[in-house]
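In the two complexes below, chain A is the common chain; its partner is chain B in one and chain C in the other.
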Partner chain A sequence: MSKTFNIKIDGKECVALQGETVLQVARREGIEIPTLCDDKRLDPAGACRACLVEIDGQRRLQPSCAWKAADGQDVKTHKVSERVQRHQDVLVSLYMADHKLDCEGLPIETGNGNDLRAWAKDCSTLQLEPVNAPRVARPGDVNPYIEFDPELCVLCARCTRYCDEIEAVNAITLTGRGSETTIGTAGMRGLLDTSCELCGGCIDTCPTGALIEKKAEKTLPHEVEKVRTTCNYCGVGCQMDLNVKDNEVVRVTSPEPGTTVNDGNLCIKGRFAYDFIHHKDRFTEPMIRGEDGELHPTTWEKAIAFAAEGMKKVAQRHGPEAIGFVSSSRCTGEENYLMQKIARAAFKTGNVHQCAAT
Partner chain B sequence: MLKKTADRERVLPLLEELGGVTEENVKRVHELTGVPEADIWGSGTFYHLLKGGPGIRVCNGLSCRIMGSDQLAADLKAKGKEVEEVSCLGQCDRAPAALDESMKVFDAAKQKRSITPDDPRLPLNLGGEQNFEYAALKKARELGRDGILKQIEASGLQGRGGAGFPAHIKWKGVSSQPDPVRYVVCNADEAEPATFKDRETMLRRSDKMIEGMAIAALVVGAKDIYFYIRGEFNAEAEAVQAALKRAGDHVKDWNWHFHRGHGAYICGEETALLESMEGKRGMPRLKPPFPHEFGFRGKPTLVSNVETFACVPYIINEGGEKFKAWGKTEAGSKLYCISGHIHNPGVYELPLGATLEELVQAAGGYMGNPMAFSPGGASSGFLPIDKRNEPLDFKGLQKAGTMLGSAGVVVLNDTVDMARAAQWQLEFFEDESCGQCAPCRIGSRYLHNQVTKYLETGDPAALKHANDVGWEMEEGSICGLGMVAHKPLVDSMKYFPQAFEKR
Partner chain C sequence: MFGAGAMTNSIPEIRDTELMFVIGSNTTEAHPIIAMEMKVARQRGAKLIVADPRKIWLAEHADIHLQLTPGTDVFLLNAMAKVIVDEGLVDRDFIDKHTEGWPALRDNLAKFTLEEAERVTGCKAEDIKQAAIWYAQYKRAGIYYTLGITEHTHGTDNVYSLANLVLMTGHLGVRSAGMNPLRGQNNVQGANDAGCSPVFYPGYQKCDDESVRKKFGEAWGIGEGPGPGKNLNEMMKLVEHGEMQALYIMGEDIVISEPNCNVLEESLKTIEFLVCQDIFPNMTTPFAHVILPGASFAEKDGVFTNSDRRVQRVRKGVNPPGNALPDWEILIDFAKAVGYDMPQYQHPGEIYAELARLSPNFSGISYERLEEYPRGLQWPCKSADDPGSDYLHKGGPVIGKGQFQSVEYRPSAELPDDGYPLILSTGRVLYQYNSATQTRRDAGTNAKAGENFVEVHPDDAEKYGIMDGETVRIVSRRGGIKAKVWLSGRVQKGCVWMPMHFAEEAANRLTNDAGDIVTGTGEYKVCAVDLVPLREKKKAHGGAELQAVRHPEH
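Right after this comes the complex of A and B.
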């Protein structure tokens, strides 16, 4: 078991585990510290400076997301430290001078939310003139899913670090320097012309909605109800949240990292391929192709009986080896088990395969 | 995340060899190294010198501006030349300075530059002949690790790169790490505006610097020694290489490696420098961990300045106490660079703690009526001339809210508009910010915009929030660049309020 010790945050005694950061301890204790660049799946970058706290004995404010808790440490957050609060007030003001604002003067919110907006509401901000930083997007990027708006980007580098550290795809990068820094690709090409796998994890980790799903730009996070389900595109069993508005799935998001097997990740299919749900061509009931060559609605009993009849006929006429079974990668383990049981027990054939097996 | 870095380290040299960042070159480097294309693109676009060859580079540093670099640029353009304005070239004693297409200094100097004349008693003695007997190295081998450290400690040597950190603590720190692989890195990226002492040291006394590095490598137990030399310093890199050849067998115990800068001031910051050596964007790392525990390739690394290393042979030969005795308010002699409104800009070796007045005396006196000065490069902001009798040292200047830094002193006379001077310095910081953290990235652009607006409109309202923003840059930035970038403006507003009134 790892060593535990006590640290003090805003006067409160908190238990910390060896190796934990101050932010981790604070979160467990319900002490809120704002963050932008922190994603628990990634190595701390300490770049957004939102989470700075006062640490006894340190001359400078330190990023709680990266600072290791140590026995007896005395930490002060913005709740008790005027210095930290002033730091947050001016920092948020600077972010806002470099950000798209709405008519109330607050950071605008897109379909992907904006953590800066909530934080700005908690601070007494200065009205700083916009800095008009010369940051560029990739206007020619025709990929179907991912849009980048540099005017909402806080350069937390979560997207690029995610693409590197989690996906190991390295399709996107910080590019340029200073106030020109932006998110780019090699040659500023569209994502389809890079190593990008369109997993959409960069959208998911983006804290300010600078990365958004093209299909779901408009619907704001508070307008949807999230329905937890299991992705049925493959057998991994990723958990996902269907974002439902007016009885329609308008987006799919991944649950909080650390809470489900997929740790906040999804692949292109799970995250983006939800259009079939409300597609007009989707089969919604069993059908049998009649003598006329057309499909006709029927009941499950009739459809299954019809299929069984047809397969039995083949077996009778040509022998069991004439039949093969291939199950879909979308099937669960239980379904695959049943599939091989039909093959082996009912039809007495070893011709059974699963499309995800090689 | 610590990655396999071996191939990444080739990325920047290869891009340079191929002629800069283009889509084809990035593809080629990807094929040669296996590093993902996006990472190569991201690294390459960080560096000014990898943007592909411009024409003549005209310096827009403060010392060059007050000596008419704008006019020089305009004249060159009128002659049909392609001109690019660039951050301080480290040639402030040749103001207004420019580099031609092959990076040679283009002589348009308006002042007569000078240097402390040969005096063999001086610890560094830039005016003297090089000497490759390497008596100090021999003696150091006899003294051993602890004996050397004792002398370094007794000498009171503080790092000359800017922070003035005690050298013996850093050396001890590296040598006592559990990891047996350690590195020594010489920071020769000298790019702090108004600073050119490392340039002169490399050109004139590489013998001392190399000997000092070898002694440091003995102490910390390094086999591999690296130079990181500013990209524009071609003659200097050649001088170092020539000296290394002359040092010959004395230094054959070590592998000597050369890295070149690629046009980014921030890479003088030690952790940005290490990132750059590893082929990445020159963005400073969070500290801790410091390079002495987690440095180049994650190994314990001693990063030190050219001048710091060059002080070491004297300390070993003559004893730490004798070096220390050279100082006035702090230990040792110090190379001061001076430029701006004085007669003989150059590098002068004076006791550490000399005053501006003494330095200007060595440099041929003031031009015109002095009004303000920068004690240590753009990073030190400005002080009013009535501080001319304060010692120029690390601790005293820090107490006064500024710093000695790289000892790049610039004198401004009363023909200079302080608001304009502040704007020039902020342009530098905006251009050179790595962009990693918001206080610096947004703050330096904000202040630059606002002082420009003030100069255009004459309305002080533009500067209403300058103090708050400056305060936050100092409190919230990751590294030393952002922490001081507000100073030229905020300090000028404090010391020269009349320059910021309604006009």
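Right after this comes the complex of A and C.
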């Protein structure tokens, strides 16, 4: 077990584990500190300065995401420290001066949310002269999934750090200098021409909606119902949330990091390859092959009776050994259970297997 | 061997490992999220050994890449085992307490010398030696493998050889270690769990055990249940010979998936009765007598069991299109129509409860409990207060003693020769999924990998006089298909590689249906092929003229 000790946050005695940051302790104790650049999957960057706190004995405010908790430490957040709150008011105002605002003067809500908006609502913001940073996009990027809007970017570098530390392909990086700094690629090529695997982790980690899914750009988070389910592709068993609007899956998002087996990560197939669900080529009617050799739509009653009759006839004529049931590793456990039960109990045959016999 | 076919350890343990030995698994492309965990472990300082005939993406992160000749895994693994013996790195204590058959294995290893291994596998002796020493030395050392190990005529021998390594080093019952087959599909594990296996009733209870047959027979109201049946490979052979006359296929495209699919396709034309229950037309559905439209995962409730034995919920988000129905409802109706008294389950939760009641390994899992476990429950989970099992074999193999299995090296069934001088291996790409009926209907996946290709080594391309991007015909003794050439240093000289996703030019028209003796699994990873340029006559490297079509029979 790690060593534990006590620290004080806003006057509250908190237990900290050796190696934990002040932010980690605060979060566990339910003390909310705003962050933009923090993602628990990534090494702390201390880049956005949103999480600064007052620490006894430190002359300057310190980033709680990177500051290690130490025995007896006395920490004050914006909730009790006027100095921290004043810092936050100025900081969020500076961010907003360089950010797309809605008609109420708040950071706009995007299809991918916007943490800056929620934070701004909690602060007494100042009206600052808008900054028009010459941050560039990649207008020629024709990849069908990932959009980058430089006017919403706060350069917290979560996306580029994710691409480096987790996905480990380094397709995107911070490029340019000073006010021209932006999220770029080698030679500012489109993502299809880079090492990008289109996992969309950058979209998932972006706190301000600067990275957004092209297919779901217009759908705001509050318009959808999220249904937690398991991905239907490979065997990792990633948990994902189907974002459902009007009986349609309009987006797939990943759960909070640290809560499921996939730690908030998804791959290109899990996150983006959901168009098949509502594709026009889907079978929508039962069909029976007619005398003419073609398949014809029919009712469920007729199709089921036809299927049952056909299987039964062969079993009666040639014995249960002459029929086989091929089940599916794509279907649910319950469906597989029923399939083998039908083979064994209804047809008395052990000829039942599934597609991934390997 | 020491237990059932499942990962001994868990995915979240990977990041704490000290060493990963990844063999026959293109993890970044086939299991991207597990590969992320591996890359995280790598960044935290773990060693990574990759054994794969190709320079797969994960090999870029590896400390050692053993680029073996396809089909020589047995030699490589036994040579590693011999190094471990010679270096005195075996776990004597573990072997004495928990295994049987050690002396025979040790004696059998004598012939797998490093010199011979270098000659057979094409890997450097020093790399093999270093890999073996590292694997034995680190305590939290895990093996990760997938179809590159099993899809051979000696697939079982490959698995035995890996299990030997695990047992001789005691890397079992240890966190972040073990032997981990990564399951290729969302619910391979779950389909096996549920008894869709010719040798197991649900919960891995054996069909050849009379008490099991009676237990299920009585639960299902039929007296005694049937014994073992035919596996998929055997069923397909019976279909081809006209001895199996009816098939009920749910959610699989057997034509695109089976090796040497040409023969199967012919025999499906004359099969007496074929039921296809699926969501999209595929290469098998044209032969169906009846199509039953099922539901996709987004349209139904249920559970999937993932690669690390984790039972997790599938939840319905939307309705199936048109008159399509959830597959479990279709199956209930079908069972009733054939006259079997299937209970009228109202919800998949009731079906799962029946499965769990009959299977001790899952008896602690229920829909109610799954709501409380957002990370799912990993079997074995035997009671309502059992939190499930993250890694298995704590304190020794669950079957009592682990069995060492001595194996012999046997070359693959079909080796290259003058007529078919190249080795073809098939596999998967990140951007498509299996028969690709789902992923080929998405813009981004297709933008990345939308058409078939064949990876060819530049030296071989020069010999054939073919260029990058050019379409060629790839022929084997069983068939021929077309694909674009991708000149790639990823494959070795003398080897070509193709994905299996593309129905219109299916790689399985080429592959060899010779099966593993034990499992019947086809040899998808090694067969002999030739390339035929489709352009006008080309000058070959040596100046001799090649005919545009050298295998007119295809």
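Definition applied: the second predicted complex is superposed on the first by the 283 of 358 C-alpha atoms of A that agree within 3 Å, B and C clash if a C-alpha of one lies under 4 Å from a C-alpha of the other, contacts with A are read in each partner's own complex, and residues count from 1 in each chain.
The rule is short, and it goes like this: a residue touches a chain if its C-beta (ideal position, glycine included) is under 8 Å from a C-beta of that chain, and two chains touch if they have at least 3 such contacts.
Keep in mind that this is a model prediction, so the values were computed, not measured.
Using the contact criterion defined above for the overlaid structures, shared-chain residue A:218 touches neither chain B nor chain C, since it reaches no partner.
In the superposed model, C is the one of chain B and chain C that contacts more residues of chain A. Touch criterion met: A:262 reaches chain C, while chain B stays clear of it. Once the two complexes are overlaid on the shared chain, A:79 sits clear of chain B and of chain C alike.
In the overlay built on the shared chain, the residue A:228 is in contact with chain C alone; chain B does not reach it. In the superposition on chain A, A:184 makes contact with chain B only, not with chain C. Using the contact criterion defined above for the overlaid structures, shared-chain residue A:296 touches neither chain B nor chain C, since it reaches no partner.
In the superposition on chain A, contact of A:165 is made with both chain B and chain C. Residues 165 of chain A lie at the contact with chain B in one complex and at the contact with chain C in the other.
Those residues of chain B lying in contact with chain A across their complex are 1, 23, 26-27, 30, 36-42, 45-47, 264, 281, 286, 430-439, 441-446, 449-450, 453, 462, 465, 468-469, 471-472, 475-478.
Interface residues of chain A facing chain C in the complex, by the touch rule stated above, are 142-145, 165-168, 192, 197-199, 225, 227-239, 242, 244, 247-249, 255, 259-263, 265-270, 272-279, 281-289, 295, 300, 303-308, 310-315, 317-318, 320-358.
Only residues 43-49, 52, 60-61, 63, 66, 83, 86-87, 90-91, 93-95, 97-98, 126, 128-129, 131-133, 154-155, 157, 160, 164-165, 170-181, 184-187, 189, 194-195 of chain A touch chain B when the two sit together in their complex.
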